[in-house]
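Everything below concerns the one structure shown next.
Each chain gets a letter, A, B and C, in the order it is written, and its residues are counted from 1.
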Amino acid sequence: MIDPVAQRALDLRARPSWRTAKNTIMSGVMIGGFVVIAIPLVAILWSVISRGAHSAFAQFPDFFTKPIPNISRLPGPGMGPAIVGTLLVTAGATLLAVPLGVLGAVYLHEYGRESKFTRLVRFMAVVMTGVPSIVMGLFVYVMWTMRFGYSAFGGSIAMACLMLPVVIGATEQMLRLVPANLREASYALGATQSRTILTVVLPAALPGIVSGCLLAVARAAGETAPLLFTIGAATQLNPHLLEGANNALSAQIFVNATSSFQAAQDRAWGAALTLVLLTFTITMIARVFTARVATKR
Amino acid sequence: MAEQPHVDLSGSRDTADRAFSWLAIAAATLVLLILGLIAVTMTNRASGVFGKMGFEFFTSKRWAPPEGEFGALSFIWGTIYTSTIAIVIAVPVSLAVALFITQLAPRRLKMPLVYVLDLLAVVPSVVFGLWGVLTLAQPIQGVYTHIHNAVAGIPIVRSIFGDTPQGRSFMTAGIILAIMITPIITSLAREVIETTPANEKEAAYALGATRWEMIRGSIIPHSKGGIVGAVMLGLGRAMGETIAVALVIGASIGQISANVFSSGNSMPAVIANEWGEADDIHKSGLIALAVVLFAITIIVNVVASSIVRRSMARSRGARS
Amino acid sequence: MAVQTPPVTPPTTDSEPRIRTASPKVTEELRPSMVAMLDAAPVVFDLSKVEVFYGAFRAVHDVNLKIQKNQITAFIGPSGCGKTTVLRSLNRMHDVIPGARVGGKVCYHGVDLYGPDVSATEVRRRIGMVFQKPNPFPKSIYDNVAFGPRVNGIRDRAKLDEIVEKSLRGAAIWDEVKDRLKSSALGMSGGQQQRLCIARTIAVEPEVVLMDEPCSALDPIATARVEELMRELKNQYTIVIVTHNMQQAARASDRTAFFTAELDSKTDQRTGVLVEYDVTSKIFANPSDTRTENYITGRFG
């Protein structure tokens, strides 16, 4: 004869209750949240790919090489000047921001340590990451474009100002990960501080620094606002960094998006696809380097 | 005793070393220099407008550059209103996603999910704007009309979801902004949530809590501060976003309305939209707007960063 | 002089049983002629009234000793007694620690190392250091050993090849790595990495090699190889070694300095002091100070 009390105690099945119901509902909410954010992502990518592919790849490679039609209602390619412009501006910005940013981070971590000046600069770098890109663009307009006119370089300066704090932050983070005893070993062999930094510390931190810089580059390539005030709106190819107005994919998308002509809008989608492919590729390459950092440790 | 060899210990290579350190200091100082220059040169350029309008710059909604009238109130309103809409939409979604990724999703799915979110973060803002204006604006106007009709009976709500819904309006801008800032808030919230000590979570489970009860009891109290900071950083980003908003907000002037379906304007959007055809005085007015924007976003970002930093430091210290 | 064996005291506390006797071989006091030979070697370091501060904290004070050429000098003592601190003051490694200050005089061949005209990097070219945890650079084996010579301006490939081989042979690791000089140094075992670090240190041909507990992170076999290496290196270099392992000091060193930490009544801090410094056999067979004897026989430490 089984003791009924013992039998009750052994029943460990889940009991239906308000608590378990609530748990299930909240789990549903969490999944729902993910779905809610996934839908626009899919929708946007779908739009960009379907409409952009039609425009960009229909008569390959015309879209990438032909100049922008002066009369926007004319259908057909291309975005050649804008692509070159984006590459020029981004390359110029990278050449400005990366060395300065890495050097700045080197100062903060290797020389300045915890002095008041260092903490101020670090704080200001954080502040600078929050400056809206349009403010940077206007700043460069006032300082540079008003004096020297439109050029791709003006755009590069504005982009570099946006990239600088990101590069500093990422580099400092990577420098922190280099163990102190590597520096000690170098000093013990009679190397100066600058030599230690250049031949031991920076090479050790390199994959992470590259990854951080690439992410900053990807962000810069996609920015629009700073370019509106600095590079002008050339429709012909201009491969010169310092002379003459230029164009960029992002700026061209903005201008064409508000156009009432279907042809211009088509070109905007094509440009959008190109830009998205560009930024995605850079980000993927950055991920490769991030993975390298993870495996080395 | 052997004689002491002559030792020369004076360094001669140290000049290159010192030069390098000066170079590094100069690079670091650049940050301060740029920020200072921004503040000084822009305020200087806009000083004419500030001088003329005085405090009315912030209180007047009349924006008529040809007549020299610069009232920024409607744009300040637009910036605040769209950012608020964006936060209201983005915060629950971001939290849900962050909790989903950290607590609910199977381990193997976590990395791919984070990748998907990061993809969203990489899409340039102009592409969001393009999609918003060409793909979203038309159909969503219909949706707005339905919502408006649905709440037509309820007094206050019907003026918020109000008359003559526009595809390009505060609401659409808010939605686009929400999509843009969700990855930021989610990724920061994820980081903060993951610093919750394992033994706090286990303690909740050991008391027989369900997953949701554990989240409410252990994770959320622990992560509250960091999440607030993350939300504020998202807010700062939303306030400064120019291009996507410029394309979908409708670019109307001088409107202060609580109707989310009405078209409006924001500080960065009006600068972007009006710059092309502005004369010098007009440009000064727009630069004045930029100065105000600069000040507001800096304050929001500084407060946000210190909140995030403090909560991360606290949680790291508490972790045993 | 009769052979004295210090009494074996069984551990009186619950701490891990550690047998603290010196091995029988070394308990014989050296013959006077050998002591005289040790005394005749030229003085490399002359420390007088040396003290080291980390900020306001005085880590070690009133250290007076002389270190002589081509001898192995061991610093022993319990944790926190300042032996590593004193070691690091010999090659100005305290310079890299903010807030650290060295007082008193550290003379190297008559030159005050902390004098105004002295460059720390020059000092470290002549006085090398091997660290407790092997710290090879994340570069190839070749580039690790060639690092020091390159710092000194040697660019010629043939010369570098020669120096690398010589140093790796000197560290008794050449045969193991000669076929993979270009592979990463991080792919080696701990013991190999430490011998690589030794090779890296002797590649710049210093006069002195300082070793900060070089074997504490190694297994016994690797430890034995490093100790063997030390005995060979002694002929060319002056070696100062900090060690927690008394048997190691007793086996391998010519002179031993015993440090301990004492409570400073004024500051209520534990500061390191040099208790006794003498020929190794005397320290272990017949220590003059009770504190030394207590440490060696395991009554504390």
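As a working rule, a contact is a pair of C-beta atoms (placed from the backbone, for glycine too) under 8 Å apart; a residue touches a chain by one contact, two chains touch by 3 or more.
Source: prediction; values computed, not measured.
Undergrad: For the interfaces A-B and A-C, which has the higher count of C-beta pairs in contact?
TA: A-B
Undergrad: Just grab the chain with the largest centre-to-centre distance to chain A, centres being mean Cα coordinates.
TA: For chain A, the chain whose C-alpha mean is farthest off is C.
Undergrad: Of the chains present, which has its C-alpha mean closest to the combined C-alpha mean?
TA: Of all chains shown, the one whose C-alpha centroid lies nearest the global centroid is A.
Undergrad: Could you work out how far the Cα centre of chain B sits from that of chain C, in whole Å?
TA: 56
Undergrad: Where the CA atoms of chain A average out and where those of chain B average out, how many Å apart are those spots?
TA: Inter-chain centre distance comes to 15 Å.
Undergrad: Could you state the distance in Å from the CA-based centre of chain A to that of chain C?
TA: Computed from C-alpha means, the inter-chain centre distance equals 50 Å.
Undergrad: Two-or-more-chain contact residues of chain B, please, as numbers and ranges.
TA: 13-14
Undergrad: Where in chain A do residues touch two or more other chains at once?
TA: Answer for chain A, listing residues that touch two or more other chains: 192, 195.
Undergrad: Tell me, which residues of chain C touch at least two other chains?
TA: Answer for chain C, listing residues that touch two or more other chains: 120-123.
Undergrad: Which residues of chain A touch chain C once you look at their complex with the stated criterion?
TA: Per the stated touch rule, the residues are 113, 179, 181-192, 195, 199-200, 203-204, 296.
Undergrad: Spell out the part of chain B that touches chain A in their complex, as residue ranges.
TA: 13-14, 16-17, 20-21, 23-32, 34-35, 37-38, 41-42, 45, 92-97, 99-101, 103-104, 113, 116-120, 122-131, 133-135, 179, 182, 186, 210-213, 215, 233, 236-237, 239-243, 246-247, 268, 271-272, 275, 286-287, 290, 293-294, 297-298, 300-302, 305
Undergrad: Spell out the residues on chain C that touch chain A in their complex, using ranges where they run on.
TA: Touching chain A from chain C are residues 91, 93, 96, 98, 120-125, 128-129, 131, 133, 135-139, 147-148, 151-152, 197, 200-201, 204.
Undergrad: Show which residues of chain A lie in contact with chain B when the two form their complex.
TA: Interface residues on the chain A side: 19-20, 22-23, 26-27, 29-34, 36-38, 40-41, 43-44, 47-48, 99-101, 103-104, 106-108, 110-112, 118, 120-121, 124-136, 138-139, 142-143, 161, 164-165, 168, 192-195, 197-198, 218, 221-225, 228-229, 250, 253-254, 257-258, 265, 268-269, 272, 275-276, 279-280, 283.
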